[in-house]
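Read through the structures below before going on.
Next come two complexes, and both contain chain A; in the first it sits with chain B, in the second with chain C.
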Partner chain A sequence: MTPEDLRFLLVGAGLFILGAIGFLTRRNLILMVLSAELMMHGVSMTLVTFGRIHQTQEGQIFTIFTLTVAACEAGLALALVLSLYRKSHSLDINLWSELREPDMPAPVQDAPARIDDGSGSYGDTPKLTPAGIAPKDPPRTKSSAGASSART
Partner chain B sequence: MMDWLQAHPMTVVGLVLWAVGVLWLMPGKQAGSTRPKIPGLLFTAAGLFAFCLSCGKPQTQLADEVMFWVFAVSALLCGVLMITAKNPVYAALWFALATLATCGLFLLQSAPFLAAATIIVYAGAVIVTFLFVIMLAQQSGAAGYDQKSGQSVMATISAFVLLGAVAMTLQQEKLEIGVPVVVAKAKGAGTSAAANSENMISMVPAPADSLSPSSEAKAPAKPGNLLSAADPDHAVGDLKGLGRSLFSDYLFAVELAGTLLLVASIGAIALAPRREQGAL
Partner chain C sequence: MSEEIQQLVLWLIPVAPLASAVITALLGPKLLRYKSHLPCWSALAVSFVCSLILLLKILPSMGSAAVDPGEIGTFAGPQILVSGYEWLNVGDLHANIELRADSITAIMLSMVTGVSLLVAMFGSGYMSHDLGYPRFFAAVSMFVFSMCMLVLSGSFALLFVFWEAVGLCSYLLIGFWFQKPSAAAAAKKAFVVNRIGDFGLIMGIFLIWTNFGSLDFVTVLSDSARIAAVEVKNPGVIQLICFCLFLGAMGKSAQFPLQVWLPDAMEGPTPVSALIHAATMVTAGVYLVARCTPLFVMAPNAQLAVSAIGAATAAIAALTALTQMDLKRVLAYSTVSQLGFMFMALGCGAASAELVTPAVTAGMFHLFTHAFFKALLFLAAGSVMHAMGDVIDMRRFSGLKHALPITHWTFLVGAAALAGVPLLAGFWSKDDILAVLAEASRSKEHGLFFGVIWAVATGTAFLTAFYTFRAYFMTFCGPEKFPEEAGHHPHEATPIMAWPLRILAVCAALIGLAVGPTHLFANYLQKTMGLTPVPPESQHLHWGVMALSSVVAIAGIGLAWMFYVASPKVPGAIASAMKPLYLISQGKFFLDEILKALVVLPLVGIAKLATVFDRGVIDCIVDSIGAIPKALSSIPRQFHTGVVSSYAGFMWAGVVAAVVLVLTMF
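The block that comes next holds the complex of A and B.
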C-alpha cells in the first residue's frame, strides 16, 4: 500500500463518518437518507481504492453494484418518506419514535418525542397570531350581556 | 497508541480541529440559536488541511497532487456543510457538490466509467428526486426540526474517535493490505496447481495456506484467477477490461442487479401515495 492509496482510504473513511454524524444528529427524514448516501460514497471510495491496491477490477465492479443498490434505496426511501409525510404532515423523525406493532409495549423513551424549545409552543404546531386593529374597549358583546342579564 | 500519537501529531490535530468545526457549525439544541459561521468554517478547513497533510507525501506529479487536494478537501468540506445545513435544499445541493468531488477522486484513481456512472446516477437522478420530494414536503418557512440537532456532541465525538482509530490502523508501518495479484495467465494445461494456488492466495495472508490444498483437490487446475486480475495489456479501470469482467465473470450478478432495480421500482410505485387517497 503506497501513501497515495493511504490517503484515498482516509478520505473515504472521512466521508463515511461525516455521513454517520449526519445520520445520527439530523432529525429530518430526507436529510437522514442523504446522509446514508454520503456514507455510501465513502464506501465506494474505499472499494475503488482496494481494487487499485490489488490491481483487480473487482473494486470497481463492486462499486457499480453498490451504485445500483443505492439507486434502489433512494427510490424506496423517498416513497416511504412521502407516505409518512402524508400521515403526519411533517418530516420530523421524532414524530415516529413510537412506531411499533400494535401488540408491542411502548418503547422506553430517553427523550420526549417532541422537544420543547422553550418558547412554550411545540415545534411545528401553528401559532395564532393577533391580526387586525385592536378594539379600544373590547369586552362585553351584546349577546353575552343579554345572556348574563337573562340569567340574573 | 502512544507511538502513533507521537509519530502522527498532525493527524490528531487535524481530527480535533475538524471535530470542533463540525460541532460549531451544527445547529444547536435550541431552535432559535444561531452562531456565526466563519469560525466553524475556519476550524473545519484547518482541520481538513492538517488531516490531508498527515496522509503522507507520495511521489506523484504536481498536477495529480493539486487535483487530489482540490477534490479531497472539497468533498470533505461539502460533506461537513451538507450535514450542518439548516435548509434541506442547501443540504441536497451540498451533497451534489460532494458527489462531484468524489467523482473527481474516482477519476484520479483511474475509474473513469465509475465517475461518469456516479455523476449520472447521483447528480442526474437521485439529487433531482430528492429536490422534488423536498419541495413537495417542505413547509413554508424553516421547520423547527431542521433548526436543531439531537445528540450532536456525542455523535461527533464518537464518530471522530472512530475515524482516529481507522487512521491509526492505516498508518501503522507494518500494515500490508494487498500485494498486487500476480496475473494468472492460463498457459494451457501446463499451469501447475501449485503455481495457481500461489496466485490465488497471494491476496490473502498466511492462513490460506492450510486451506488451499483441499480446494485445489476439488477444482483441479482451474485456469485463471479467483479475482479477475487486470490483463497486462489493459490497465485497471480500463473500460474494455471492466466491461468484459462485468459481463463474463459477473453476468449473473448483473442480471440480479437488473431484477433488483425492477423490484425496487415496483415497490416504490406500490408504496407511493395514490391519487385517490388525497393530495399530500
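The block that comes next holds the complex of A and C.
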C-alpha cells in the first residue's frame, strides 16, 4: 500500500464520516438523501482503492454497479420525498414519527413551510430551506428571502 | 314378503321424514315457500303406510317363529332387526345404527306417524299466513324422524341420541315464534328442565353399561335370569338404574316436579302443542318405562315411586286445570294429568308379578287412545284460536256452538273421550288403568298404597271430566260472544283444517271400542319383549270398575253443566269462599315460584360468587402474568422515539460495534 492509496482511503473514510454526520444531524429530507449518497460514494471510493491496492478488477466493477443502483435509488428516494412533501408541506423528517411508542413525546417539528406565497413560481414543489450565512446580494425572489428570514 | 322389502319398509319409516326435513330446510325458504308442506305430507304418509305394513303384516308374520313361550325367562317376542352401520366402536362398546321393531314399537310408530300426518295437514292450514312456513315443516319432519328413531332404536345408546334430538326439535318448535320473549323463554325452559331428566337417563345408561356390559335392548332386557344375576352381584343396582331411567322419563313426560315446562310449551303454535302432547315427546317417557319393564319388575320400590309420582302429578295437574282460564293451558294440564295416569298404571307391577303385563298394557293403551283425543282437542282449540284471532282466554269468548259447528262437535267428541264418557276411547283406557289399580289394591304387600293411588285416580278422573267440560261449556255454550280481534264474523276452519279434525274425532270415538274390549291391543302388545302374554281365559271386562268410572265421568260433566250453564254464579261464589285454595290452583301450586326459589336463585347466587372469584382471583393472576413483559419492556421502549435520526444513530452504533467485534476477533 502506497501513501497514495492511504490518501485515497482517507478521502473515502472522510466522505463516509461526513455523510454519516450529515445523515444523523440533519432533519431535512433532501439533505438526508444527499448525505446517504455521500456515505455511499465514500464506500465506492474505498472499494476502488482496494481494487487498486490488490491490482484486481472487482473493486471497480462493484463500484460501477453501485453507481447504477445509486442512480435508481436516488430517483426513488426523491420521488418518495416529493410525495411525503405533498402530504405534509414540509421537508421536516420529524413530521413522520408515528412509529414511536404511544406514550413518548412527539419530537420537535418545524411548522409546515409555506412555499406557495401566491407568486406561483414554486407551486407545490419542495425546495431546500436556505442554510448557513445569507448571501449579501439581494434575493432573486421575495419568497426565498421570506423563508430565509423565517429559518431559525 | 321378502326380507329385503321388509328392511326397506322399516328404513322408510324414519328416513322419509328425515329426507323431508332436509329437503324442506334446504329448498324451503327459496323454492318451496308456501308449498313446503308437500314434502312433509308425503313423507309422513309414506311413514304411516310403512308403519301400518309393519304393524299389520310384517310382525304378525314372524310371530309364530320367534315366540318361545316355553321359557319365560328368555322371551324376546317377534321382532325385526335391521342394521345400518357401526356408529361407535370404543373398546367393548359397539353402538350400531340399527333399527329394531317389535310390537310396542309398531304400535307407537303407527300412532306417531298417523297423528303427525293429521297434525301436519292441520298445520298447513293453521300456519298458512306465517312467514316461517318452511321452517315449521322442516322442524315437524325432523321431530317425527327423531321420534320414529327413538322408538325404533335397538339400544340405549341410540335411544339416548334421539331422546336428545326430540328435545332439540321441541325446543325449535316451542320457540317457533322466537321474536316473542315469552316463547323464547318457554323453549329455553323446556330444554333446561328436560336436561335434568336427561341427566338421570344418561346416568341410568352408564349404570346399565357398567353392570350389563352392553346397551343392547335384547341383551339387557330379554333375559330375566341375567338381570337377576346382576342384582345378586350388586344388590340395589337395578333399583338405582330404574330410578335414574325414571328421572329421564319424568323430564320428558312432564311428571311432578318436572312438569313445569309442559304448560309453558303452549307458547308454540297449536299444531306443535298437539304434536308434543299427543304423538311425540311426552309419550317417550312412558315408552321408556314400558320398554324397560323387565328392569322395573326387579325393582318394586322404583315401581312404587313411578305410581306415586304418577298419582301426585295427576292430582296436582287436575287441580290446577280447574281454574285455568286459558283453553290451551287447561288441555296442557289435562295432558300432564293423563300422563300421570299412565305412570300410575305402569307402576302397578309392584303389587304382584301377574299384574305386570296388564299394567303395562293399560298404560300403553291409555297412551294410544290419549294420542288421538288429545291431538283432536288441541287441534280444535287451535281452530278456536284461529277463528278468534289468536285469543285463547275463555273469558273473552263464549257460545261458539253456532259460529264454529265443526270445531264444536269435534271438540265435544274429544272432551267426552277425555272425560271418559262410556264407549268413547278414553273410557276404555282409563277403565283399564282403574281396573289394574283396583286389582293392585287387593295385593297383600302394597294393598293400602295402591288403594290410595286408586282413590286418587278415581278422584282425578272425576276432576278430569269436570274441568274438560268446564272448558267446553265456557267456550261453546252460553251467550254468543267474540273478542274484537276476531273481527265481525269468525270463520270456521278451512277444509284442510276441518278434515283432520273429523278423522281424529272418528278415531277418538271408535278406536277404544275397536281395540280395547276386543283385546286386540292387549294381545298385540303383549308379544313385546319382557311381557308375558295373558291367556285369553283370564282376560275379562271389569264391569264394576266400568260402572264406577261411568258414574264418575257423568257426575263430573253434570257438575260442570250445573256450574257453568245452569247457574253460572256458583263458581265465582265458591272461588271467593275458598280464596286461598282458589289462588293455589290458579297459581299452579306455585311450583314455578318454588322451583325458582329452591333451584334457580341458589344457582344464580353460586354464579354470582363464581363471577367474583373469576374477576378477583383468576383475572388477577392472568393480568399479572401479562404485566411481566410490559415491565421488562419499559426501558427499551424509551428508545422508540419516532425520530429517524435516532434510529439511524442506533444503526450506526450497531455497525460500529459489529466492525469492532470483527476486528478484535480476527
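We take it that the second predicted complex is superposed on the first by the 98 of 152 C-alpha atoms of A that agree within 3 Å, B and C clash if a C-alpha of one lies under 4 Å from a C-alpha of the other, contacts with A are read in each partner's own complex, and residues count from 1 in each chain.
Operating definition for what follows: a residue touches a chain if its C-beta (ideal position, glycine included) is under 8 Å from a C-beta of that chain, and two chains touch if they have at least 3 such contacts.
If you're wondering where the values come from, they're calculated on a predicted model, not measured in any experiment.
Engineer: Considering only touches as defined above, state whether A:79 meets chain B (first), chain C (second), both or neither.
Structural biologist: first
Engineer: I want to verify the contact counts: of chain B and chain C, which reaches more residues of chain A?
Structural biologist: When the residues of chain A touched by each partner are counted, B comes out ahead.
Engineer: Quick one: is A:8 in contact with chain B, with chain C, with both, or with neither? Answer first, second, both or neither.
Structural biologist: first
Engineer: Quick check on the superposed pair: does A:24 touch chain B, chain C, both, or neither? Answer first, second, both or neither.
Structural biologist: After superposing on A, A:24 lies in contact with both chain B and chain C.
Engineer: Once the structures are superposed on A, label A:52 by its partner contacts, choosing first (chain B), second (chain C), both or neither.
Structural biologist: A:52 contacts chain B only, not chain C.
Engineer: Looking at A:94 after the superposition, I want to know if it touches chain B, chain C, both of them or none. Which is it: first, second, both, neither?
Structural biologist: Both partners.
Engineer: Chain A residues touched by both chain B and chain C?
Structural biologist: Residues common to the chain A contacts of chain C and of chain B are 20, 24-27, 93-94, listed in rising order.
Engineer: Can you list the chain B residues touching chain A in their complex?
Structural biologist: 22, 26, 29-32, 51-52, 55-58, 60, 68, 72, 75-76, 79-80, 82-83, 88, 91-92, 95, 98-99, 102, 105-106, 109-111, 113-114, 117-118, 121-122, 125-126, 129-130, 133-134, 136-137, 139, 143-146, 148-152, 155-156, 159-160, 162-163, 166-167, 170-171, 175-178, 180-181, 203, 227-230, 236-237, 241-242, 245-246, 250, 253, 257, 260-261, 263-265, 267-269, 271-273, 277-278, 280
Engineer: Please output the residues of chain A touching chain C within their complex, sorted ascending.
Structural biologist: 20, 23-27, 32, 93-94, 96-101, 103-104, 106-107
Engineer: Would you mind writing out the residues of chain C in touch with chain A in their complex?
Structural biologist: These residues of chain C touch chain A: 637-638, 640-645, 648-649, 652.
Engineer: Which residues of chain A touch chain B once you look at their complex with the stated criterion?
Structural biologist: 1-4, 6-11, 13-15, 17-22, 24-28, 30-31, 33-35, 37-38, 41, 44-45, 48-58, 60-61, 63-65, 67-76, 78-83, 85-86, 90-94, 111, 115, 117-119, 123-124
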